[in-house]
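The letters A, B and C name the chains in turn, as written, and every chain counts its residues from 1.
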Amino acid sequence: MRDSRGEKLFYFLNYVLLSFIAISCIFPLLNVVALSLSGAGAVASGRVTLWPIDFSFSSFKSLFTGTPIMRSFWNSVQITLIGTALSMLVTIMAAYPLSRKQFYSRRFFTMAMVFTMIFNGGLIPTYLVVQNLGLVNSYGALWLPGLVSTYNMLLMRSAFEQLPGEVEEAAKIDGCGETGILMRIVLPLSKPMLATLALFYGVGYWNSFMSVMIYINDTAKYNMTVLVQNMIKSTSMIQDFADPTMLASMTPEGIRSAAVIVMIVPILAVYPLLQKYFVKGVMLGSIKG
Amino acid sequence: MSMLSRLPKLLLISGLVGSMLAGCSNNNPAAGSENATDSGKRASISSTIYDRGAVPNGMGTIEDNMWTKWINENGPANVKFVAIPRWESQSKLNVLLASGSAPDLIFEFGTSIRNQLFDQKQLMPLDDLIEQHSVEYKALMEKYPQLKQAGIKSDGKLYEVGRMNEVYPLVSVFIREDWLQNLGLDVPTTEEEFLAVAKAFTEQDPDGNGVDDTYGVGGFEFGDNSGLFRYIFNANWVNLDENGEIQVGPERLKKEAEFKRALFEAGVVDKDFLSDKDGSKSKQDFLNGKIGIYAFMTNDFLSFASRELDTLMKNVPESRLKVIPLPKTSAGQFNPVWNNPVQMTAVVNARAKEPEAIIKYIDFLVKPEIARTFRYGIEGEHYKLEEDGKPVILDQEKYKNEVSWASDFTMLYSRLEEGKYGYVENQFDEEVPAQKEALRLFRESIDAYMNDLPVGEGLTHSEHMPQLPKELQVKFSNVTAAVHDIYTRAIIGGSNYTVEQAALDAEKQWETGGGPEIISWYEEWWSKEKDNVLIWSDFYEIYQQQQAELKAD
Amino acid sequence: MEIRNAASAARPEGPEIKSKWSGPKWKRFKMNIPLLIMFIPVVLFYVIFRYAPIGGLVIAFKDYNFYDGIINSPWVGFHYFEILFQDPRTLEIIRNTLMLSLLSLVVGFPVPIILAIMLNEVRSMAFKRTVQTIVYMPHFLSWVIIAMLVSTAFAMENGMVNRIVEQITGEAYPFMYEKVSWVAIFVGSGIWKDMGFNAIIFLAALSSINPNLYEAAGMDGAGKLRQIWHITLPGIRPTIILLLILSMGRVMEVGFDQVFMLQNSNVNQIADVISTYIYRIGLQGAQFSLTTAMGLFESLVAFILVFTANYIARRFDQGLW
């Protein structure tokens, strides 16, 4: 099909605008990369912009040898993978019944859930609940209290509701029960939304900070966010004047940048895997197949 | 296409998850039982330890490592450590205490956090315990009655233990001596001269590079330099007047704002000082040789040497720094803030089961020969003592890997009890050029600031200030923030908003924002407590005492 | 198999479905059994981790301390609310919070939608993927870093923007210190940081629109913009409305890091918000009761807004419940 002149203009403008946006977004990242690969002196004196000066891996080196970052990296992976799987599972278990028109009291349940998005008990009451369940100092304390994000659940429910009714009608005729419809029709057809929400949950778990810090007492179980935050922030505490030499060789900016890279690379690596689900629609293929 | 084929996988995952959950929660109750088997008689206590994420790979964790093992082998009790993230210590302590699971011994630098624990009735009074069970700390308290004075709370009982620190300037003001020479100027001694020199530094191309790229002075709002003008004018909210009476309110802030405004209008400061959130831009400018006068936090001259000074010497080899006394002003002449010599660092949880063992453990940590271990390591392995008692690190690499991160175990270590090698002056390694330079600057800073001029930090070191009652504290926080904003607008406001107007607005804000109540609270407190509160003149006495001991040594 | 058309994509309740549950009660119950079983853990989760802690909100009406705990701390009634609303600054703070977040919402809400549609119209897969990956990255940078970049860009001396401004007007403009430009920077930086990440949800929704619809529209001679208006937007309307209602719940929230890192004394009259206020008073000893009172007030406002929004949406058959 040939494009009309109007369409050509549209596509051209679209490309230009998107390129412009993309460039504005990539600058800060280049800056961070450059900082992480520059010498401490150059970083401290603020000469680094988009290209490393006095190229050195020292920030990464001190990050990897001077701190238990690998251990916390694996903790982060563990927290994220299991947490995401659990959250997705229960979110589906919440969203699917609520998306069914014949489900009892779906209005009441939805309202009750939205209510908890707005009212929450705060840090200490939640901690007491977690403590009474014996979850303190276990990853259960990270997974369970935040198991279902009502926001994500509503998005999923809305995606389920938008599926065409004809499809499940057909499944019914084939003799599928509710679980059958869910597993064979609804989930495969909702892959873009599932991928998106898995990403949202995953990013949330990957970046979790406050919950880890509050609930986990065993520092060997810390994830990367807590480790890195703690390291950066405590270099700038002034109260502790009595003792010197801690971390004197690192520049906070350099370490911070290196840590940002280490934090962000896994997310960027996973992204293309999920991306394929929302780059093009999957619906047609799965129904016809 | 069959979705059902994926079902087993899903089940497998959830089963796995289930077993992991169980695995994790099983770990919980084990905590207490580990130590119990060690010996029948040894008491078991628990203690916090700051976590700074600084334990190197392979050295274990901050709560379980060679030093915690060493403590458990050599100390008087079995100690279980609970890591407290340094940066978020308040929230972590809050949940631990609220849930009744806080450790027995709580180390915390933050005075307001300790005060809050006292308000919440979470602390155990220690007078009798120390009287009955302590040897070391009791002796230290007899030697330094100030330790006792500082540890007493408003009900007259002792709740806090701490350490004695060396008194030295916490902030030093550096000027580029080479710039002064280039322009043929003298060290400024009054506020007028300060302004004139800063102006010359800005306009007369002091570095001779032909480009107008220098500032007279560092940023006003954030970072190391931000306190400078407050110290110059003693522009604080709570002060001691000439008659020894307490004076509370925003009155003293006006002169500081006027001076800042004069500097700002003269163009000697970066116009963007307000957006330089952590002062890093200003600091970078100084380290790149673009700023003439800059105040640094020199709480730790050694790390100042290895970071800032070293960077400056490499970036700008021709630079030469000089420490200058604060200029005389119409408000008087002052010193920048000093180190707090009587630093409270630990409290005991009211619910602690074995207070006697805790006191014994405190005693253990107070002993110089024990505390030294966490600073230098094991004698013969990490350091050796030279004949005159000077500790020398044997292997820097090993020291860095095994000892350098352990210093939070020394929160009860009064270093000066070590004699002369506990003093900062004797810590420098003159072989290293930056440290040699730092030693020179340290001595200049002592000469410039350790004298009987008042310190421009109000009544006393912030760690010795009392905690206002909750509601007044809210008002005070709000009104100080509002007044701060008012004066900042006056600094950059030009003809739209003058300092005079700001002073009126500030006064109004103070009156309506709870000022009178706050004043009367402080006045009442002062009339009751003035004999117990340690103030700057006390610290000066301690300084003189310390120096006398150093000379005698 | 028949493929749904754009109209049915936007329609939440189809008549076909309705006919299914108009049968006898027992049939409905039978169909509900697997759903109910599935739903039990969900109910447990909400009861244990969401509703049980809500009881802790009573400390807004108590003088909470650790020693007495939540239950035994003494009642003080509306004391802490009085403290809050007697403070002359409180109203200013609430006004600022509402203003900043409403502006961010009004200006910021359409941006990810537009971005997603633009990406959707890209035909080169490689370009699409690259751009998509890049625009989603700023979400992962902390506000410390972004604030640094923003203040460098808008600096009075040697700032990128002001160098251009100086060329034109001959004088640098204090972007960060004038209220209007500060608000623009605040809103703009927030949008810039999160547009790529927020676009993902719309991309996912877009991907379920049937491409045949565009083909058909193209055959009929509809231009690109008309296609977007008549096919794309209706296709993602439920998602848009859902997110719009939910964002009402956040109108009393302005992210702490963003304000804290961007604000300065000269604009604090409009930049001091609830989160910075709580930070300030919380810094001096934990004032649990007071901050809970503030939080409760925030929640009440959000509650009213969300329920109103939902009520309006229901009028158009788009409500959440």
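Quick note on the criterion: a residue touches a chain if its C-beta (ideal position, glycine included) is under 8 Å from a C-beta of that chain, and two chains touch if they have at least 3 such contacts.
All figures in this text were calculated on a predicted structure; none of them were measured in a lab.
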| item | value |
| --- | --- |
| Chains touching both subunit B and subunit C | A |
| Two chains joined by the most C-beta pairs in contact, as defined above | A-C |
| Averaged-CA centre spacing for the pair subunit C and subunit B, given as whole angstrom | 39 |
| Distance between chain centroids, defined by C-alpha means - subunit A, subunit C (Å) | 16 |
| Subunit A and subunit B: spacing of chain centres that average the CA atoms, whole Å | 36 |
| For subunit C, residues contacting two or more additional chains | 144 |
| Numbers and ranges of subunit A residues touching at least 2 other chains | 124, 128 |
| Interface hub residues of subunit B, defined as touching at least two other chains | 94, 98, 280 |
| Complex contacts: residues of subunit A adjacent to subunit B | 40-41, 44-47, 64-71, 82, 85-86, 89, 123-124, 127-128, 131, 134-140, 143, 180, 183-185, 187-188, 210, 213-214, 217-220, 222, 226-231, 233-234, 236-249, 251, 253, 286, 289 |
| Subunit B-facing residues of subunit C, complex | 65-67, 69, 83, 87-89, 144, 147-148, 151, 154-157, 159, 172, 174, 176-177, 261, 264-266, 268-269, 272, 277, 280-281, 283-287, 290 |
| Footprint of subunit C on subunit B - complex, ascending | 90, 94, 97-98, 112-113, 115-116, 119-122, 221, 270-272, 274-277, 280, 350, 467-468, 470-471, 473-475, 477-478, 481-482, 484-485, 488-489, 492, 512-513 |
| Subunit C partner contacts - residues on subunit A that touch it in the complex | 1, 4, 6-7, 10-11, 14-15, 17-19, 21-22, 24-29, 31-32, 90, 93-94, 96-97, 100-104, 106-122, 124-126, 128-129, 133, 144-145, 147-148, 151, 154-155, 158-159, 161-162, 164-167, 169-170, 177-179, 189, 192-193, 195-196, 199, 203, 207, 256, 260, 263-264, 267-268, 271-272, 275, 277-284, 287-288 |
| Partner subunit A, residues of subunit C touching it in the complex | 1-4, 8-9, 12-14, 16-18, 20-21, 28, 31-32, 34-36, 38-39, 41-43, 45-46, 48-57, 70, 115, 118-119, 121-123, 125, 127-138, 140-142, 144-146, 149, 192, 196, 200-201, 203-211, 218, 223-225, 238-239, 242, 246, 249, 288, 292, 295, 299, 302-303, 306, 310, 320-321 |
